[in-house]
Amino acid sequence: MSSVSGTATVSARTAVSRSWKAPIALYAFAVIALVLGFAVARTGTSTFGLTTPGDLVALAPLAVPTGGTVAALALVLAGLAVAAHALVLFGAGRRVPRRLVAVFAIVFLVAFLTWASAGRTIPVTGLLIGGLALGTPLVFGALGGVIGERAGVVNVALEGQLLLGAFSAAVVGSVTGQPVLGLVAAMAGGVLVALILATFAIRYVVDQVIVGIVLNVLVTGLTGFLYVKVLKSDADLFNAPDRFPVLPVPGLSAIPIVGPVLFRQTIIVYLMYVAAFAVWFGLFRTRWGLRVRAVGEHPTAADTVGIDVNRTRFWNVALAGAIAGVGGAYFTLDSVGAFTKEMTNGMGFIALAAVIFGRWHPIRATFAALLFGFATNLQSMLGIIGSPVPSEFMLMLPYVITVFAVAGLVGRSRAPAAGGKPYLKS
Amino acid sequence: MKLELRGITKRFGSLTANDHIDLVVRSGEIHCLLGENGAGKSTLMNVLYGLYQADEGEILLDGVVQRFSGPRDAMNAGIGMVHQHFMLIPVFTVAENVMLGNEPTRAGGTLDLDTARARVREISERFGFDLDPDALVGDLSVGVQQRVEIVKALSRDARILVFDEPTAVLTPPETDALMAIMRRLKERGTAIVFITHKLREVREVADRITVVRLGKVVGEASPTAGNAELASMMVGRAVELTVRKAPAQPGDTALVLRDLSVIDAHGQYVVSHVDLAVRRGEILAIAGVQGNGQTELTEAILGLQPRVEGSITLDGVELAGRTPRQVLDAGVGFVPEDRARDGFVAEFTIAENLMLDRSYGAPFVRAGALQLDTIETFARAAITEFDIRAQGTGTNVGRLSGGNQQKVVLARELNRELRLLVAAQPTRGVDVGSIEFIHQRIVRTRDAGVPVIVVSTELDEVVALADRIAVMYRGEIVGVVPGDSPRDVLGLMMAGAAPQAVAI
Amino acid sequence: MTQDTPRSHRILREISGGNAVVSVLAIGLALLVGSVLIVLTDPEVQAASGYLFARPADAVLAAGDAIGGACSALFQGAVFNGTRVGWANQIKPLTETLTLATPLIAAGLGVSVAFRSGLFNIGGRGQMLVAAAAAGWISWSFPMPYPLHMLVCVLGAVACGALWGGVAGVLKARTGAHEVIVTIMLNYVAFYLVSFLLRTPGALQAPGSNGPKSPAALDTAVMPTLSDLLGIGSFRLHAGFVLVVAATSLVWWVLNRSGLGFRFRAVGENPDAARVAGIEVRRVYLVAMMMSGGLAGLAGASQVLGTTTTGFGSGIDAGIGFDAITVALLGRSRPWGVFAGGLLFGALKTGGYAMQAAQTVPIDLILVVQAVIVLLIAAPPLVRAVFRLPAPAAGARLPRTPKAVTR
């Protein structure tokens, strides 16, 4: 038998990985656009309304010929897809730049809207206002979800936190006549659900998903019971909160399109802007955020530098509950104005989807939530103008996108490494 | 600065991981804690670092008794640790990792990244590290990551630095660089505790050596001591093992590994270009210090490693690229190294574990149905034949002793028609009585004409069982020598010396 | 960290090792919580509390009345109503309980098959909806002789449920996508898909109708009811219950007596050891998810062919997909335990409706009771702390809940 000696040959290798997923997806969408532009082309004029009543500066509606515009945009999209293909083949990074994907998405959306609104008018401003309204509670939910998951606790109980937030805001806001107190109560409601979640998941090490699901059932039952038994019996006393008034921001609210969408809103929407920024700033620029991310990524490492992992997780889950609770208040103190049974209607799960689609990043999750809100509103608007696309498919979109995202087909989504795992030490 | 551990004792249930261990380290010296895996070195250091509380004994710094209720206390007292599994967060930058838990902040809890970066640069420059504070740790090589760990400890003004198996994950040049770093730290007055089981490294840097075995200090050695002496202190056994066995009657070559390499997730060759042949009716022992590629080699044979190059043929049939199920069906018996994780299902009964790898067909499953009578009969027979001490076939394997658990695994693997047996660390954590039994069974398997590979880090076991011995070092076979080779030769080979250099 | 093992094992054992006593105590505590809610919101108790200090007995009596009334309504509504005339009427509540329990048990079995394989199937709702749509479509589009038609419908439903569950299984096995997220999202995808089909003429919409509702099933596809069998009464209890009893036996057999179930359990308990022993773990994930979805599909079939045979809407799942998770947890993922859990929750639901009608206690209270039961059962240390019970002996052998979310 021969004997071998010598030093070990150790070579580090870096594989060139080209990702074909993005170009393939872009081609698919380009083909859809080409079909809309040529195979099932529609004739007529598509009009985009750009002004709401009460605007200082009235913009003329934008009218374009449907067929030609869609065809032109479809060709642009095809060009972009080819460009993406080329970048993957020859580009330095071997992948498609995000900016190109974003431009592609916007062009596709415009092409689609043009096609869908042949012979009709799409009130762009109204579309955006409605999207923001539907997106606001989602943003709060998603921000709560981001904090919880960044700390390593998967928060399936978002739905329950939104619902209890909505409920307690309605009752307290109504009984006290003070919407601000209602807002505080909503936060307290969210925190209550969060504390149960934290206690069971951290103290009793029950699986976080199980606790989350059961808490949703619990809150649904509890609010449903109290709604029928108490709120309905004296709706004037218990379920007639004053809504927050709309506070236009002087100056900014006069800007066309942007003004009415972003700056003619209630305090809760302004709070959302602040919250999104604050969570981002907090997570990435402060000691608090560094520690939160550390316990969610590598709790043992955090422990070895003296951070109390379970304590950190516990209080941040509570904080996340407070934020999600505000999202609940938006229903009863802003958009709807009274509590109804199961009024959050699965919004908590869309918020969860936004967390994942936003890749656990507060700003991206905010935009994902707004996008999902926009998609929902677009769906109802298309329903009104008589769109040829079934509304159900628009409603399905957030969920389908999320499935693709977790399967790694849309970008790479990487959850906090220790998410969902209890931290136990001897 | 003087660190003193006095009579440290730490128990986990019935297991005593540290049994009255004493240790003294002073500024400007490197004290090696030498011992095999499982000797209790890491437990001791976790006690020192406040991660575990000792059951007995005390820790003194400059003669003052310390009470560490957590890592923070230890760090404040000036103890730093470079963990075996790096305590670094891959998605954080170098600066973020270094400052975590000790963050410089501006008003309102805002992170002062500039100060943190400056600190990383300052310490890096002091020791000649080339660290970019803004690089993501996950993008760095393991060697550089380790420097981040060192900087992290030093940024907290550690005057006593513990290195827990720091070279386990390093390539040879990285190891050499680390040795240089340790010397530089020593020159600047840091006290260093260096935990390892690698003799070459000990001899290279140690000022003093303490050898631990099975949780106890077995003696001190000077760095001038020979490798053989250190090796025998480290792996020697109180009970001399003898296995009654006739000389091997080797038949045809059955298993051939040709140019076999295994590449790990980091793209490193953990097994590189191995050529080996095993004949029917012989036991080939693969000796070597833990972590030199033996584990990956056996896993490659079984089809458990995702990236394998080269070929593995058993009786002319190619096994490389097959799934574990196909390899098992080809007649390979496998006793995995990490028994509790890979060897059995703790919540399953003895009977269930005995059929774990045969749930796809006869005799235990017919027409999709478990053959309870067959399973039960088989389990009863196995319990008798393998002398498994348990209340019955329905006892959960998780409740058995280590020796009896291993007998269950062995009974399962040997009760099939085998064309090859691969047993990794067959007696690790097994009581002396069971060891003898398990060795006898392995020899009987050989005598039945089956080729056998035994992987062991225990020299005694290797010598007792082997007909031929292949020594692995850094992913390569250093040499293949006869089964009756002297221990000191084997010890030197385990430290990387080629057999011709040690003159058989 | 390996050194964590001793404690983590202890906690896992405590959680999984809860015994029947803990279950009973949890149910008791949950009913207590329900009673407190009833008392707090009862107008007569509130009125009596107004003069609590003058006549404290009134408040107590009113509270007793409220609880007593609710409990007797619950029992009369769920099990036996002696105030009715005739034997058939008296036991009708019991048959209603069995009717509501039928889909709960089927879907609960699905969840527990996944559980035992180390998977979390939260997609019962979507799987039921897809299956219901399939069963419905076959039931009115393809005339066949009875009972062949009925069986084909059931098989179609089970197959579609299995496919829908299989999507999550494939994604888990191929890409590692976490099944919790995927199944949650697929619930909504299924919901909107079925909603679309239900309002689309030529798909699932009833001809001549404008609403999102399906046509009625042909008689040849409808499951026979107990009344059909006995010729008396107006029992809604249908042959689906027989199928569910059979399914329970089958799942029990698969999990405990088959090679497949053996592999399910091995992967669920220790995927590493299973892999080393040659078990194809990814394949197990796929097959387990398909079987899980198939059982949810059976629940869907029972809804469409047994309970709501005159056409259905997109709410046909009736929250059973989520209730099934609680049923599986209550039954500790063992088939006959799930069966018992399904009966209990079926009884609570049936009784809840009676309670709602007789005592104006909203049915939502049952959700609260259900949730509290499961929370407490999931945390035996809490129940033991409440009742000052000693910790159980080590080593009780029970299925573990799947490992936490890892992506």
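We call the chains A, B and C, going by the order they appear; numbering starts again at 1 in every chain.
By our rule, a residue touches a chain if its C-beta (ideal position, glycine included) is under 8 Å from a C-beta of that chain, and two chains touch if they have at least 3 such contacts.
Note that the structure is predicted; figures quoted are calculated from it, not measured.
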Which chain's C-alpha centroid is most distant from that of chain A?
-> B
Between A-B and B-C, name the chain pair that shares the greater number of C-beta pairs in contact.
-> A-B
Centre-of-Cα separation between chain C and chain A, whole angstrom = 30
Distance between the CA centroids of chain A and chain B (whole Å) is 46
Between chain B and chain C, the Cα-mean centres are separated in Å by 47
Chain A residues touching 2+ other chains are 300, 414, 425-426
Multi-chain contact residues (two or more partners), chain C = 3, 6
Shared-contact residues (touching 2 or more other chains) in chain B | 12, 52
Per the touch rule above, chain C residues touching chain A in the complex are 1, 3-4, 6-8, 11-12, 15, 37, 41, 43, 120, 122, 171, 174-178, 180-182, 184-186, 188-189, 192-193, 195-196, 200, 322-323, 325-326, 329, 360-362, 364-372, 374-375, 378-379, 381-382, 401-402, 404-407
Touching chain B in the complex, chain A uses residues 1-15, 285-288, 290-291, 293-294, 297-298, 300-307, 414, 417, 425-426
Of all residues in chain A, which touch chain C in the complex?
-> 154, 156, 196, 200, 204-211, 213-218, 220-230, 233, 300, 341, 346, 349, 352-353, 356, 390, 392-393, 395-396, 398-400, 402-403, 406-409, 413-415, 419-422, 424-426
What residues of chain C sit close enough to touch chain B in their complex?
-> 3, 6, 256-260, 262-263, 265-266, 269-270, 272-280, 395, 397, 400
Touch list for chain B against partner chain A, complex | 12, 49, 51-52, 70-72, 75, 81, 83, 86-92, 96, 99-103, 105, 108-111, 141, 152, 171-172, 263, 266-269, 272-273, 275, 277, 468, 473-481, 498-501
